[in-house]
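Next come two complexes, and both contain subunit A; in the first it sits with subunit B, in the second with subunit C.
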Partner chain A sequence: MIDYLPGLLVLRMAALAACVVFASGALNVAAAEVAVGPKAKNFKLANGMDVVVIPDRRAPVVTHMVWYRVGSADEAPGSSGIAHFLEHLMFKGTEKIPPGEFSKIIAANGGQDNAFTSQDATAYFQRVSKENLPLVMEIEADRMANLRLDEKSVLTERDVILEERRSRVDNDPSSILNEQLMAALYQSHPYGIPVIGWRHEIAELDRSDALSFYSKYYAPNNAILVVAGDVDADEVKALAEKTYAKVKKNGKITTRARPKEPPHQAGVRLTLEDPRAGKATLQRLYIAPSYASAKEGEAEALDMLMKIAASGTTSRLYKKLVVEQKKAASAGGWFSGTGLDSGRLGFAIVVGGKTPIEDVERAMDDVIEEIKDKGVTQKELDRAREAYIADLVYSSDSQTRLAQRYGWAMATGRSVEAVEAWPERLKKVTVEDVNKVARTYFDLKQSATGYLLPTEKKATKSADDTRNGKS
Partner chain B sequence: MSALVTPRHHAGIGRVRRALSYWVRNSTLALAIVALTAALSPANAMKIQVVTSPGGITAWLVEAHEVPLIAMRFAFEGGSVQDPKDKNGVAYFVSGMLDEGAGELNSVAFQERLEETATRMNFDATRDVFIGNFQTLTKNAGESFELLRLALNEPRFDQDAVDRIRQQILAGLEFDSNDPENVAAREWYKLAFADHPYALPVKGTKETVGAIGADNLKSYAKRVFARDTLKVAVVGDIDAETLAKVLDEVFGGLPESGDLTSVPEAKPPVGPQEKLVEMNIPQSVAQFGHSAFKRDDDDFIASYMLNYILGGGGFSSRLMEEVREKRGLAYSVYSYVHPYERAAIYAGNVATKSDAIGTSLDVIRGEIGRMAESGPSKEELQKAKQYLTGSYALRFDTNSKIASQLIWIQLQNLGLDYIDKRNDLINAVSLDDVKRVAKRLLKADGLIITIVGKPESSPKKPVRG
Partner chain C sequence: MIDYLPGLLVLRMAALAACVVFASGALNVAAAEVAVGPKAKNFKLANGMDVVVIPDRRAPVVTHMVWYRVGSADEAPGSSGIAHFLEHLMFKGTEKIPPGEFSKIIAANGGQDNAFTSQDATAYFQRVSKENLPLVMEIEADRMANLRLDEKSVLTERDVILEERRSRVDNDPSSILNEQLMAALYQSHPYGIPVIGWRHEIAELDRSDALSFYSKYYAPNNAILVVAGDVDADEVKALAEKTYAKVKKNGKITTRARPKEPPHQAGVRLTLEDPRAGKATLQRLYIAPSYASAKEGEAEALDMLMKIAASGTTSRLYKKLVVEQKKAASAGGWFSGTGLDSGRLGFAIVVGGKTPIEDVERAMDDVIEEIKDKGVTQKELDRAREAYIADLVYSSDSQTRLAQRYGWAMATGRSVEAVEAWPERLKKVTVEDVNKVARTYFDLKQSATGYLLPTEKKATKSADDTRNGKS
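Right after this comes the complex of A and B.
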């Protein structure tokens, strides 16, 4: 198998979707044959900040993350991109940290840092040797409350983000298709708005937008500290008392309530034609519950369903479309289960040879219909479950992935206990549970299907102007 | 190991979900390159055992029993440079075929066995070497290693699977041909290495991949998978005695020696050379660079440190400071040094809206020139040392990362004690050394530059006509 082709990037994405699973999954494979590391400890500071500590003593290294319970889906209408923009601006400095020095301080201490924004959460993280944990806790706590922004650096950073949008979306037709598909899928809920924001709205964002978003959402009682690595809970607690505990809580933080998505009366279809498309590709998304929004057991069943149906080379979709019928160059699918308000079932297929894309879609629908009609088998379910439990063990080799699993769950309203009960809950999933969620959520009315089709290339040519020697 | 270092650009759908759910502040690419090209040093006292099997196969082993996992990494000499003439892409094709059926198991059966045993197995071809990555859970180790043995010793290369993987590679090439970073890199290697096999893309081209048959794949496997060039690193829940047996089981059946074509040294890439590939996209992408020092050059470590300060150190680098932080011209700008076996390169990448790509390149050229002229400051060098020595431990915090470090050290012949020496080597580099190396390495007027996009203004050195 070629594992970095676009289609199989879908597998990679399925791997990413699997991360999502892990995010909701547990560290300890409790009843399995393998015991993986000690369990996480969690507690709350007096100002409401949650703390999770995951000891991993193998190397003298720690991963330190602060998660805020805010993401792009919390933005006010017309200000799309502000959550992500603020995330960039958080590196611009405070009274104590000069502009642009945050990452340099981490690096000068042998550490690495970064941050990311999603629809529901924003996280900042550093990987450092254990003796530098007090330092990163001090400066991360400092910027929770003391951000300083000057007009000029805000505008320069806005240009950076516009370049980021060009790199990630505008230069890549399949990203554009995905953006369009998400926008079409959500009729009311803000998950339809891209995390990076719409270009025309990003272009209007300014310093005061950033600061008001910051003061509204960045507070200890809206944050989770996750530390994984060569520490124990007592050490982290002592350090947190000296740093994060000193930050004042924000009494106005409330539970997040976004516009609700109505039941859809019709499925959506769209086609994007682009000379840069390469091969014709098909994507489909269905709205489904997430771990945070599902009835008990449903999200676990959806994980199993998508693993059996479409994730990996042993899935029904890959075997049927790629191996047997040869209609697709690659085919994959995933369950995105980490959202606060809802999740998605996704499929992506790269058309093979000259097969008409409509035939490929029909073949995919046959696979889906067969599962709805006849269900999955016990053997398939057992194999899917074993694969996910094994994934969990593999992911416990990485303290960053451990930290993400807990952070993501806590940021979307789930508990440490829920994370750690995941393997047990996975074990309870029955064939009938899987069949039931298949019948319920493979509903075309709640879906959006997109085609990306290559058109004749006119603009792309290689200018034969290679020049050697001095000019 | 080089392809692990060569930035991999995912086209097509791959970007979709990353774009969707995950906006990372700084593309981690540059950091990944730092981590992989690195010269290394100690951090964390870790016992490396050299295990030699009864059959004479040697592996480096770090026992780690905390997690019930075993990670193995191995490499054979001979990556895409061993592709037959006109069959460019064979090594890469083989890397996609080894889990597509072996022994009595056809593709589907083999992959089901992999899944049932939770075996992780993938292969990769770089320009210089063919690499295997393998992980298993301790409880399944016996069966997993047997699958690995089959994959290496008895790959089937069934026509059906060959056709399927060919289709996947061709689809990938199609996406790559529309991905500006990928096109910029391909064109850059063509200019840099002219007639040498390094000029050819590891994945091959539409034409060459179309012409590759099962016999080419079989013959590559036979020529390259041999014990004389094999390097193995193992980390995890296994002891030396067990590993010795495993080594013979998995690799003992391979031929004693391979049948490699001799590949000459490459001429060091020199510029100025410039090429524009027009593509109708809103943001243009450029790759720039020239020759650098090979791993056995006495100045390699100093050149690596110099690059950290210039373009490898993320937000601590001058390129990031000048292009992104001060001017907002790009989201991602970085450079790296990469030693291949038969040449070495200094190279970098930037993406800027089309009407300002010329400005970005002017700024980059200016920074390269300034660095060549006066070198870094004392403070910059000190901070580089602090980062490079302090972050070394971060490369050793998972089993698979340790295995990856160990195989790299073996491939570069750096020696068993390298991990212990590495930070001292970094600390021993003086400001004068780096200044001298800056002059020796960097040629602002000798860059090979490829630009993909629709630049509306030309840089000072016009790229067109």
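Right after this comes the complex of A and C.
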């Protein structure tokens, strides 16, 4: 709640501002525990709730998370934003906890709490000292079933969210570009609809929408408890029996099924002109598989591919566009592999100096085409893999990231075992695997390309702006 | 069933092949009865079914139509094509009528029958001699409530529809372009999903999908009976009391509510390259209001605007691009004003000779910008209005078109009175009204532009194809 912005939206916006940060963020979430990390234990409560415990004895603190297998892509048509709205409203209180007191209780006990909504999952986090774990589990289990909402506070919170949308999307040309690009990229799948929701739909959401979404999706058999820290599985199990295990399961929870994206016959392009934009920027998104949807080994190969192609200052894209050609002020790319139904390959480039944006795009495409035509080298793959694993080891130091990694996997239908076997699968990726996914998924037909151009404010738009990708 | 292709799809494809035909088709449907035409009477049955009777005594024949207020835009996400699939299955029979006999009975009695599915309505038509009207009403009322479907024939029909999709869309580059363009144009509203359905979703439809769609939407209180021909309202009423009035109403029918389209921040573009394409063609679509959604007078002004700008050989577009500049082999445009939630302005141009398609687009935009900047003239408006009314008078000669006009209006929430007052509203349109809608709705941000380029088949796609609107 302290940072109550929807997660994927945060990631997406980070991708625009600093795509390297995003790429690394994606790693942390998608990647598995490496050899050096602690091993997780998992079990199910009688009511169907999954529990994952990750021992981490370095300090007497714990990270407690509850993940729900529901996100913005599960919203009914016309109700965009309801998943995120409900996430806000989860802080309004229950019979036992007065409105607004949830975070105060955590803070009064020296802890921090947080929540986020993404396309596929909604999660609530707390970081507290070990002795406060029972308290946190009690109040989190309480709001899983006993949320109380009054009309007035719901409407007040709706205004908060409309303001959040205004400041984070509507006032930020990069965010608008990304939102428009996502909407253009997906023809049918709800990933094209923004996590925060369309403004006109947020404005219509009310208490009954929130409560019906809550009763449909918030239940122990649609949730995953992840506890990382100075505890063991037995302790967590005993506490869970006293708290979450008492929440009734919902017999109506079913496997999620969203419309599948049809194969595209043509890539799409759009140009956003905005006097508020700082520098011209270019974004390209391709639909690709995700860890949850890919054929064996493909997602790992895509991670290696994007590491080599575009992630970081040693990537081909950065070296070519920023260092050698000096056409870009920054250039990066990432593989978004955490989706339940599909993933994305993404590129974001800030144009350097006076280079025409079309030239920058051509230079980016040259890098991509070279990989498709000639492939990557064994040396590049080895270096990428090493760097990737180093990132994993480093990020495993963060208890929060460690817990997130398991939570995210479990929320999108992957298992603890799949997470932990991940480094082994990564080691098996070959140069040919990387080249094959490059040839398959760098497919312009499955892509959307967007330009953001800073412009002077002008009264009438000239017809000449409508061509050459400027529309 | 003889022509069982979904109506809007027919119209849409007609727009590609011969947009003048489309524009005239749109007129016939959207426009109202002019002074010379017969006046309709309408009433409601006790079970909520609307009835419209249009006397036309020229010959002893009648046109009988049942319109359902349901179309492809009412399909649940992931079930695209079910409205059209059910339309096919409606010919499979009831307890009284054996499978496949419906059309044979009509034909044996010297009649013709037909059906279509569009985004907003599904309709079943018969044209028979006057004395066969009781028979037609009896069997049409029967299949409103008593459809029988067996698994096997449902699966056989599904194959028929997959083949229909293959031949009419997948094998026709112009149709693919239009389908991709519609998908790119709409970010949220289901108008972006093809009426015939996405192939992978059609392939999953089954008997239970069809029956649940049928029981949800097919009911007298969601239907309109339109009878045009050698009858009067009393005769039709007496027959309807014996047939349709006996069908039970469905208490669960509600007003249709689809997701509203958010305001777009950038127009989209796409290029389809296809070796099967004959000539390079350009399409542009803009989201605009429809007769059902527009502010008073706007839709009428849009009809006049598109008549002046792009409909027919005397339009500005045709004269400039085809006659004067010889850049286009054909050029036309239309206003699709019949939608329940919104309409579209459309342009379709077949490139002439070796003119680069970008030049053709620029020439089209020059025509549009000139209208936005300098407006149309009183003389143009007068001439357009006269031609429009002449079209109406002419098309009112067709009993089918006359009946369609009322049926379409009633199916999208408009009244018989609105249809009949239409010529009066048309007469009130001023030059300023036309100029205002031109400035408002020729907005590239709310548009999608598509190129269809014939190409040689080649092994690898060059990176250079990805820019300048070619993606």
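What we mean here is this: the second predicted complex is superposed on the first by the 420 of 471 C-alpha atoms of A that agree within 3 Å, B and C clash if a C-alpha of one lies under 4 Å from a C-alpha of the other, contacts with A are read in each partner's own complex, and residues count from 1 in each chain.
Methods note: a contact is a pair of C-beta atoms (placed from the backbone, for glycine too) under 8 Å apart; a residue touches a chain by one contact, two chains touch by 3 or more.
Just so it is clear, the structure is predicted and the values come from calculations on it, not from any experiment.
Student: Is A:Ala219 touching anything from subunit B or subunit C once the two structures are fitted on A? First, second, both or neither.
Tutor: Neither partner.
Student: Looking at A:His200 after the superposition, I want to know if it touches subunit B, subunit C, both of them or none. Which is it: first, second, both, neither?
Tutor: Only subunit C is touched by A:His200; subunit B is not.
Student: Compare subunit B and subunit C by how many residues of subunit A each one touches, and report the one with more.
Tutor: Per-residue touch count on subunit A favours B.
Student: Is A:Ala183 touching anything from subunit B or subunit C once the two structures are fitted on A? First, second, both or neither.
Tutor: Once the two structures are laid over each other on A, A:Ala183 reaches subunit C alone.
Student: With both complexes superposed on chain A, which partner does A:Gln265 reach: first (subunit B), second (subunit C), both or neither?
Tutor: Touch status of A:Gln265: second partner only.
Student: Going by the contact rule set out at the top, does A:Val52 touch subunit B (first), subunit C (second), both, or neither?
Tutor: neither
Student: Between subunit B and subunit C, whom does A:Gly78 touch in the aligned arrangement: first, second, both, or neither?
Tutor: In the superposition, A:Gly78 touches subunit C alone.
Student: With the two structures laid over each other on chain A, which partner does A:Val61 touch: subunit B (first), subunit C (second), both, or neither?
Tutor: After superposition on chain A, A:Val61 lies in contact with subunit B alone.
Student: Which parts of subunit A are in contact with subunit B and also with subunit C?
Tutor: Shared contact residues on subunit A (touching subunit B in one complex, subunit C in the other): 177, 179, 460-463, 465-469, 471.
Student: Can you tell me which positions in subunit C touch subunit A when the two form their complex?
Tutor: Where subunit C meets subunit A, its residues are 77-78, 80, 176-177, 179-180, 183-184, 187-188, 190, 192-193, 198-201, 257-260, 262, 264-273, 358, 361-362, 365-366, 368-369, 372-373, 444, 447, 449-450, 460-469, 471.
Student: Which residues of subunit B touch subunit A in their complex?
Tutor: That would be residues 8, 10-26, 28, 31, 43-44, 64, 66-69, 71, 95-96, 99-100, 107-108, 111-112, 115-116, 118, 120, 122, 135, 137-139, 163-165, 167-172, 174-175, 177-180, 191, 272-283, 285, 313-316, 321, 324-332, 351-353, 383, 386-394, 396-400, 445, 454, 461-465 of subunit B.
Student: Flag every residue of subunit A that touches subunit B in the complex, lowest number first.
Tutor: 1-10, 12-13, 16-17, 33-34, 36-37, 57-61, 84, 87-88, 91, 100, 103-104, 107-112, 114-119, 127, 129, 132, 155-164, 166-175, 177-179, 182, 194-196, 229, 275-279, 281, 283, 312-314, 319, 322-323, 326, 329-330, 334, 336, 346, 348, 350, 352-353, 383, 386-387, 390, 393-394, 396-399, 459-463, 465-471
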